Amino acid sequence: MLTFGTGNKAVAMAVRDAKPVVVAAYPITPQTEIVEELANYVTDGSLDARYIPVESEHSSMAACIGAAATGVRTFTATSSHGLVYMCEMLHMSAGARLPIVMANANRSIGPGWNIGAEHTDSISMRDTGWLQVYVSSVQEAYDVTLMAFRIAEHTDVLLPVMINLDGFLLTHITQTFETVEPDDFIPPIATPHAIDINNPGGYGTLTPGDTHFKFRRDIERGMQASIPVIEETEADFARRFGREYHLYDEYRMEDADVVIIAMGTFGKEMEVAVDILREEGIRAGAIRMRWFRPFITPDLDGKDVVVIDRDYSFGFGGVVANELQAKCGCKPFSVIAGLGGQEVTYDDIAEFVRIQRPGTEHWFGVDD
Amino acid sequence: MHGMRSILPAGPNQYFIIIHVKYPKERLDTMAIPDEEFLLKTTSACAGCPSSLILRYVTKAAGTDTVLVIPACCTSVIQGVYPTTAMNLPVYNVAFASAAAVASGMSEAFRAEGKKTNVICYAGDGGTIDIGIQALSGALERGTDFLYICYDNEAYSNTGMQRSGATPLGAMTTTTPGGKKDHKKDLDAIVAAHNPVYQATACAAYPQDLYNKVEKALTIPGPKFMHVLAPCPPGWRFPSEKTVEMGKLAVKAGLWVLYERENGKLTITGASKAAMKKRIPVEDYLSVQGRFRKITAEQTAEIKKTVEENIARLQREVDGIC
Amino acid sequence: MFEIRLHSRGGQGGVTAAKLIAYAAFLDGKYATATPLYGAERRGAPVVSFIRIDDRPIRVYSQIRNPDLVIVLDESIMELVDVLKGLKPDGEVFVNSQKGTCVEGHRTYPVDLTSISLSLDLVLAGNPILNTPLIGAIAKLGVISQESAKQVIAETFRDERNVEAALRAYEELKI
Amino acid sequence: MSAKLAISRPAEGAAGKSGTWRTFRPVIDEEKCNKCGLCRLYCPDAAISVDLEIDLDYCKGCGICAEECPKKAIAMVREED
Amino acid sequence: MHGMRSILPAGPNQYFIIIHVKYPKERLDTMAIPDEEFLLKTTSACAGCPSSLILRYVTKAAGTDTVLVIPACCTSVIQGVYPTTAMNLPVYNVAFASAAAVASGMSEAFRAEGKKTNVICYAGDGGTIDIGIQALSGALERGTDFLYICYDNEAYSNTGMQRSGATPLGAMTTTTPGGKKDHKKDLDAIVAAHNPVYQATACAAYPQDLYNKVEKALTIPGPKFMHVLAPCPPGWRFPSEKTVEMGKLAVKAGLWVLYERENGKLTITGASKAAMKKRIPVEDYLSVQGRFRKITAEQTAEIKKTVEENIARLQREVDGIC
Amino acid sequence: MLTFGTGNKAVAMAVRDAKPVVVAAYPITPQTEIVEELANYVTDGSLDARYIPVESEHSSMAACIGAAATGVRTFTATSSHGLVYMCEMLHMSAGARLPIVMANANRSIGPGWNIGAEHTDSISMRDTGWLQVYVSSVQEAYDVTLMAFRIAEHTDVLLPVMINLDGFLLTHITQTFETVEPDDFIPPIATPHAIDINNPGGYGTLTPGDTHFKFRRDIERGMQASIPVIEETEADFARRFGREYHLYDEYRMEDADVVIIAMGTFGKEMEVAVDILREEGIRAGAIRMRWFRPFITPDLDGKDVVVIDRDYSFGFGGVVANELQAKCGCKPFSVIAGLGGQEVTYDDIAEFVRIQRPGTEHWFGVDD
Amino acid sequence: MSAKLAISRPAEGAAGKSGTWRTFRPVIDEEKCNKCGLCRLYCPDAAISVDLEIDLDYCKGCGICAEECPKKAIAMVREED
Amino acid sequence: MFEIRLHSRGGQGGVTAAKLIAYAAFLDGKYATATPLYGAERRGAPVVSFIRIDDRPIRVYSQIRNPDLVIVLDESIMELVDVLKGLKPDGEVFVNSQKGTCVEGHRTYPVDLTSISLSLDLVLAGNPILNTPLIGAIAKLGVISQESAKQVIAETFRDERNVEAALRAYEELKI
């Protein structure tokens, strides 16, 4: 059904269509609309789920863990301070191999208080064992939320998935999008290690070092296994519903000399920058990273690379730029831009390409 | 089984075998408790561990259709080491601060699927009164259908006996080497403020009373809470054979009152009925524990005062004045 | 791409107005986006919303720097904020104004939306509703079609008077 | 598919034969015992069976049974081996 | 100043100027409140904001040697945007769950340096009763020398009026679109269980009472707590001019009782003295707020019952029975 | 004074000698001895500080923030779950530029419960703006704790410092170490933005995006400025007390063809492996990374590199190996070992060098 | 050394001239007013001075003063400009 | 480097014993480390500690795989744990034993520390103190000097009977 709404609303509608059994909810700007919408659906009966109004994000993830442990489908949403407040439970949920799905509205972390878009919140949770995907349109928010359940719950994966939307820029923008009837696109959840009263076990008891090590290894196996699962899920999605997604998005890359790489809404806006640069005769292309965990390594052979990070690891650098550097061996021009919702336009992005100095870091609007 | 047998014919090739056993009253009293053990021999707990003792009766009362949710505490550790466990029930081990919230999710999920499975949080005082109070308070407020049991050994025992909010005034711990200067947090009053459908206290020294309360609690839908005193030999510094004795002294001195509150009605239970009227001196309890070695006379007087006030308050509630 | 910047105050419904205009454009078969620019202020503080309308999918999320049209829902904002900033040379301005305020150098369309609403007693939580007359006025400007404007109002507001408000604004606006 | 999470399965002896922890061993004097069952009631480790037999493979020797026996029918005896 | 002047000679070239003002009793009553404002014109709060109103009197009572510790809430936002602020006092803005713990550190640091600086947490109901309760409970237990003020607008207002633990039964919020099914958490009883040195309730509609209580609280060392009702126009869905009226209705209906508890002694204050005896119907309060539009008759009855129980309980405490 | 004690005790003694005004304490294995020792010092009067027995780690860091905001010296200690539970406050404290010092006993994160040494806890907090140093002996634990206060409080830095000790391996080992009289080695603390009653201000109020961005940039400036401050502090320490430390530790690197890189206790044990390999004719050397934030880039020109990570970022890889790869452009043999306290000896380390396959990842004892 | 942390300094008008938010403006009828000061007491924004003058640069027009005035001496008048 | 592995049970003081032996070596002018290997078990479960003594700084933190000496503080552990695992071919064994247990293939020194303690009434929380007699015995083995052993006991224990216990063990151990 063609409809019109915000990124938040698209996530909420996709969750409704995926039919979770338990939703744990805690408000935080700019995500709140998601949990408000879900409250509406549960109240008006369009979603037959238990809605748990928790008292904090540590508890929202805890409630999802408790529910998912019994083998049911669960969802929650958060942002920024909420995400880092539940950090311990992110580690716990992935370690317990629970296929929880969560939307995170990317927002900066205080102090001072700032509610603008920034990826540092989710980026700083990249070691927790959660899959992370960054979306760039309301439609993608809807589609990826649906797919997230199928990917998380796949028995080769069994890891939680975090869908990241740029705060305000995407959560609050109203766009056209199409909803679908997922039918059997998401198979019934069947968590193999769900609690079974008839086969009692001690979950997460003390584990000796060598064994613990093996379970950690197995989390990584789940991560690696998720790559084909994502591809297959995206292919099936395209088959059924006609919209195509790939591990990463390419734009005018065929003959590009210089490639701009970014995640989230920058990842769409930079297409405009590419068009502008092409008109100037610069053979630019763009790659929008969608999955950040598992890390997908694009092919950047011999191209100049400009990476825009809407995040920062203090004492180290932009995380996307550096992780690409680690995996691709490229020497990107690392642009730090948009933290705290700093305003960045396609003109600015085009300018990053014009002024690029490979191997250096540039803070937009501060460094000269 | 010991005792005389008589054999009675019951039909063709069928007989009743009747075993005549003479049991003293104590034994008959506890006959209603099932023989089945859900704590297999044995946990890796210290000899004389109150948590193991309490859990024996909690699980007997709860039966097989039960999940225990256990945050970090002695009990998360004493189950044994992967790949085996001493607990013959599903046990979900969770983060220190998260027990009641995990239980909320679990209970809602079970109920949504039409299952009646008991969800029981079994948590230490630290995991309840300090780091866990946010989750507990939230779960009580939103009416989660579960039973929360706090076994109170009055310290962070798992990490080696540090002060908790439940540590009583004057008690030495490794972080209060001079004795605690603050009062024990009144967990029961905090929980009562949430008006759970069922609230009770119990004590490791009175397994029958404990069993009865768990059994009753699990028949009532909604949030239930129990606070169980758990005298811990290494934590309180007394010999391992005194665990039960220490619990009895606490009750007899009125420092710990056994009661239950159902539909707002308070009932004093078991040994506390007598203690409401006549109590042994508080010193009889304090002096036999190494942790109170440095307690001052003023602190002892303070404790006495608290005991008397608490008893008076409970009596008023029993009398329907409050 | 047609770009609109809408200035209002928190609580005046500017954010919803932007969504409704974009929605109407969507009903017209266009691609449209509406983006609010929130501060964390409470009611009363100036708020900006952006509307983009195009025949092709819209890939831009950043603020509109050079709008084709500026809408001012609360005249008093003009004292605080440079509402004309970046307005295209041939850009136009719509102002909700009692006194027919006009802006120099740009074609200005002043309509007294507040009075229209108050006269119809369209008041919510003490504030006159400005969305619906605004949509009427914008339809007159041709940014959205009349049919879509009507449909949007009908779908969103139960109260019949909203349609009336839109009609009055449609009429009051002079091209 | 390999196990996804450390799930321990119930087993006697999960914490080892805790009987080896003892310094003193409880010995019931059948003469004095009146079968009240309190020793069994109070044993934290369920080491005393319904038939009031002590499982010395697991009894940790805490001494609670002896302490609480109303008949003083249990003696704690130093382990010799 | 208005009024007649008389001039009296006071010495060579010196005069007293006496201004004769006739003020009604209301004005004289509030004369003791300092004129100095610590909330500069103005916060970015909604028109009619109860938090701004409450803060005016909190800060007047506290004076300059004060630090406010404010967790995420409307009040952390309404101060204004960097580089300027409406609050002419040091304000430390902290994470949502952390106010009381930050205050503990701050208070201990000031005391260690020999400073008497007031440390006041000023937090919303969500930041107190839900996510902040762990830190609050801990700070109360360990005896932090500070004043914790919870302004209670009965919802997460900053994020747009979602349900909090303090939302009353039957109230609509954006996450309880059908009206809340659970009761309002009894924060005062929870705090009372911690036995702070001073505990009081107040209401935005009674600034003088509020002022007096803050002033008194700050003279007492140790943990102090105040719970202030904050009728919020957009949250409760009433017109902005009714903020004070709504507070008065709550007090007159007995839904909110003004009292203070010092050294265990409870005193009913101000307008609640009358309300303890005679109350207006609860409906007079509920019916004027949009958020109660969907409240059921049963829920209204429940609320009435709670009011009567609460009043009775407080009366017993006043009478020294409890 | 020459003394004998555990890594935990050395940290506690250094804290005592640094004279903080406020200590916030919460127990967690294997760190607990630190807060227990400090309780003893405060009780016996050897440390004149306020000891705040908080109810959680979120609150221990909150209490440090409150105290440090007034301009006094503060300390706390934690580990593993405690560290990730306080994650939000780590962001807050660094963002507020408060020079808090904390010891972290590196331990793995559940489930299942496991208390063995692992760096994932602190590594996963590497984006928070905290300086991170990893020590490898009881003596170093003592010395670095003292230095940490001076570095954190330096007005060019004003960022919190986390001292990381391998759980059990270092926290519980007893070794000889020497304590010192710091005297003016640590100058009096003078936080320029301490709360001033006479100059009221709103700390951490709402901050617009562009401004927020500048404050973030400034945190990174503090990070970069910390490098010379660390060097100068270490030099002064050597001058006064005779023990030398460097940004990173080199062992037999002069003519090395292959270099082993690790942090923490591995970093000492690998010296033995180097000796063994040298005897076999393999020209091995070792670099022990000490400061992980700010990230210090060693010179690895043309050498084979074997990196041992006692941490893992699921869906990405060993963090030390990958960050080195990003910054040095090397292609290390990335060994994942010791997670959850898995036992690894110098013989095992020597074997890593023998079997190295540059550019690949190897999980010790699981992968073949 | 640059500022290390967002520290906002107190200033009137930190949240802008909130007087522009008004739809209705309070007007005191000096005749009816008895100087009881309740309007000043209850104004959330301290927009009424000790001398009972309303600072229209900042008064948000909430109407509390008018509502609470015991003499009904304050009228809320629609802003015209 | 001389490497010792010490087997005991939680609550028996084995961890402290290891520290004290290492401390005595430190007083002898050697480099020494003591490392406990904890599980998370409560009292009663087997515990291992490692002691390393050398003339040069010790850079090794991992477990001792091939000890020179194995100390067994609780004989019953030998049923549960292979205490001889990895013991060097010429490695030696010390056992606290009432019945003079000997191990095949290795020189064994059995001493009844428990009885020494019980006879001196050296009991803590119900458990006999084994540290101090152990140190006496280890001094006899020459791993640490007699002087250092004395000093360690004097610094650590106030009760004079500990010295007596050490002396008795020193005497009872037969080389």
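By letter and in written order, the chains are A, B, C, D, E, F, G and H; residue numbering begins at 1 in each of them.
Assume a residue touches a chain if its C-beta (ideal position, glycine included) is under 8 Å from a C-beta of that chain, and two chains touch if they have at least 3 such contacts.
What you are looking at is a predicted structure, and each value in this text was computed from that prediction instead of being measured.
Chemist: In the touch network of chains, how many steps separate subunit A from subunit G on the shortest route?
Modeler: The least step count works out to 1.
Chemist: Both subunit B and subunit F are touched by which chains?
Modeler: Where subunit B and subunit F share a partner, that partner set is A, D, E, H.
Chemist: So which chain is the furthest away from subunit D, centre to centre on CA atoms?
Modeler: C
Chemist: Taking mean CA positions as centres, which chain lies farthest from subunit G?
Modeler: H
Chemist: I need the chain pair with the most C-beta contacts, please.
Modeler: Counting C-beta pairs in contact for each chain pair, the top pair is A-F.
Chemist: Can you check how far apart subunit D and subunit H are, centre to centre, with Cα atoms defining each centre and the answer in Å?
Modeler: 30
Chemist: So how far apart, in whole Å, are subunit B and subunit E when each is placed at the average of its C-alpha atoms?
Modeler: 38
Chemist: Taking the mean of the C-alpha atoms as each chain's centre, how many Å separate subunit C from subunit H?
Modeler: 85
Chemist: For subunit E, what residues touch not just one other chain but two or more?
Modeler: Touching at least two other chains: 44-47, 49, 76-83, 85, 87-88, 93, 95, 97, 130-131, 133-134, 137-138, 141-142, 165, 233, 239-240.
Chemist: Which residues of subunit F are in contact with two or more other chains?
Modeler: In subunit F, the residues touching two or more other chains are 29, 53, 55-56, 58, 81, 85, 88, 92, 95-96, 110-113, 200-208, 211-212, 215, 343.
Chemist: For subunit D, what residues touch not just one other chain but two or more?
Modeler: 5-6, 8-10, 15-16, 18, 21, 60
Chemist: Could you pull out which subunit G residues touch subunit C in their complex?
Modeler: Touching subunit C from subunit G are residues 15-18, 20-21, 23, 60, 80-81.
Chemist: Which residues of subunit B touch subunit E in their complex?
Modeler: These residues of subunit B touch subunit E: 97, 129-131, 133-134, 137-138, 141-143, 165, 181-183, 185-186, 189-190, 192-195, 313, 316, 321-322.
Chemist: If you look only at subunit E, which of its residues touch subunit C in the complex?
Modeler: Residues in contact with subunit C: 44-47, 49, 74, 77-78, 81, 233-234, 237, 239-240.
Chemist: Contact residues on subunit A for subunit F in the complex?
Modeler: Counting only subunit A, the residues touching subunit F are 58, 81, 84-85, 87-88, 91-92, 94-96, 108-114, 116, 120, 123-129, 131, 159, 203-217, 219-220, 223-224, 226, 293-295, 311-317, 319, 322-323, 325-327, 329, 331, 336, 339-343, 363, 365-367.
Chemist: Which residues, counting only subunit F, touch subunit H once they are in their complex?
Modeler: Its residues touching subunit H are 4, 29-30, 113, 115, 166, 168-170, 172-176, 265, 268-269, 271-272, 343-346.
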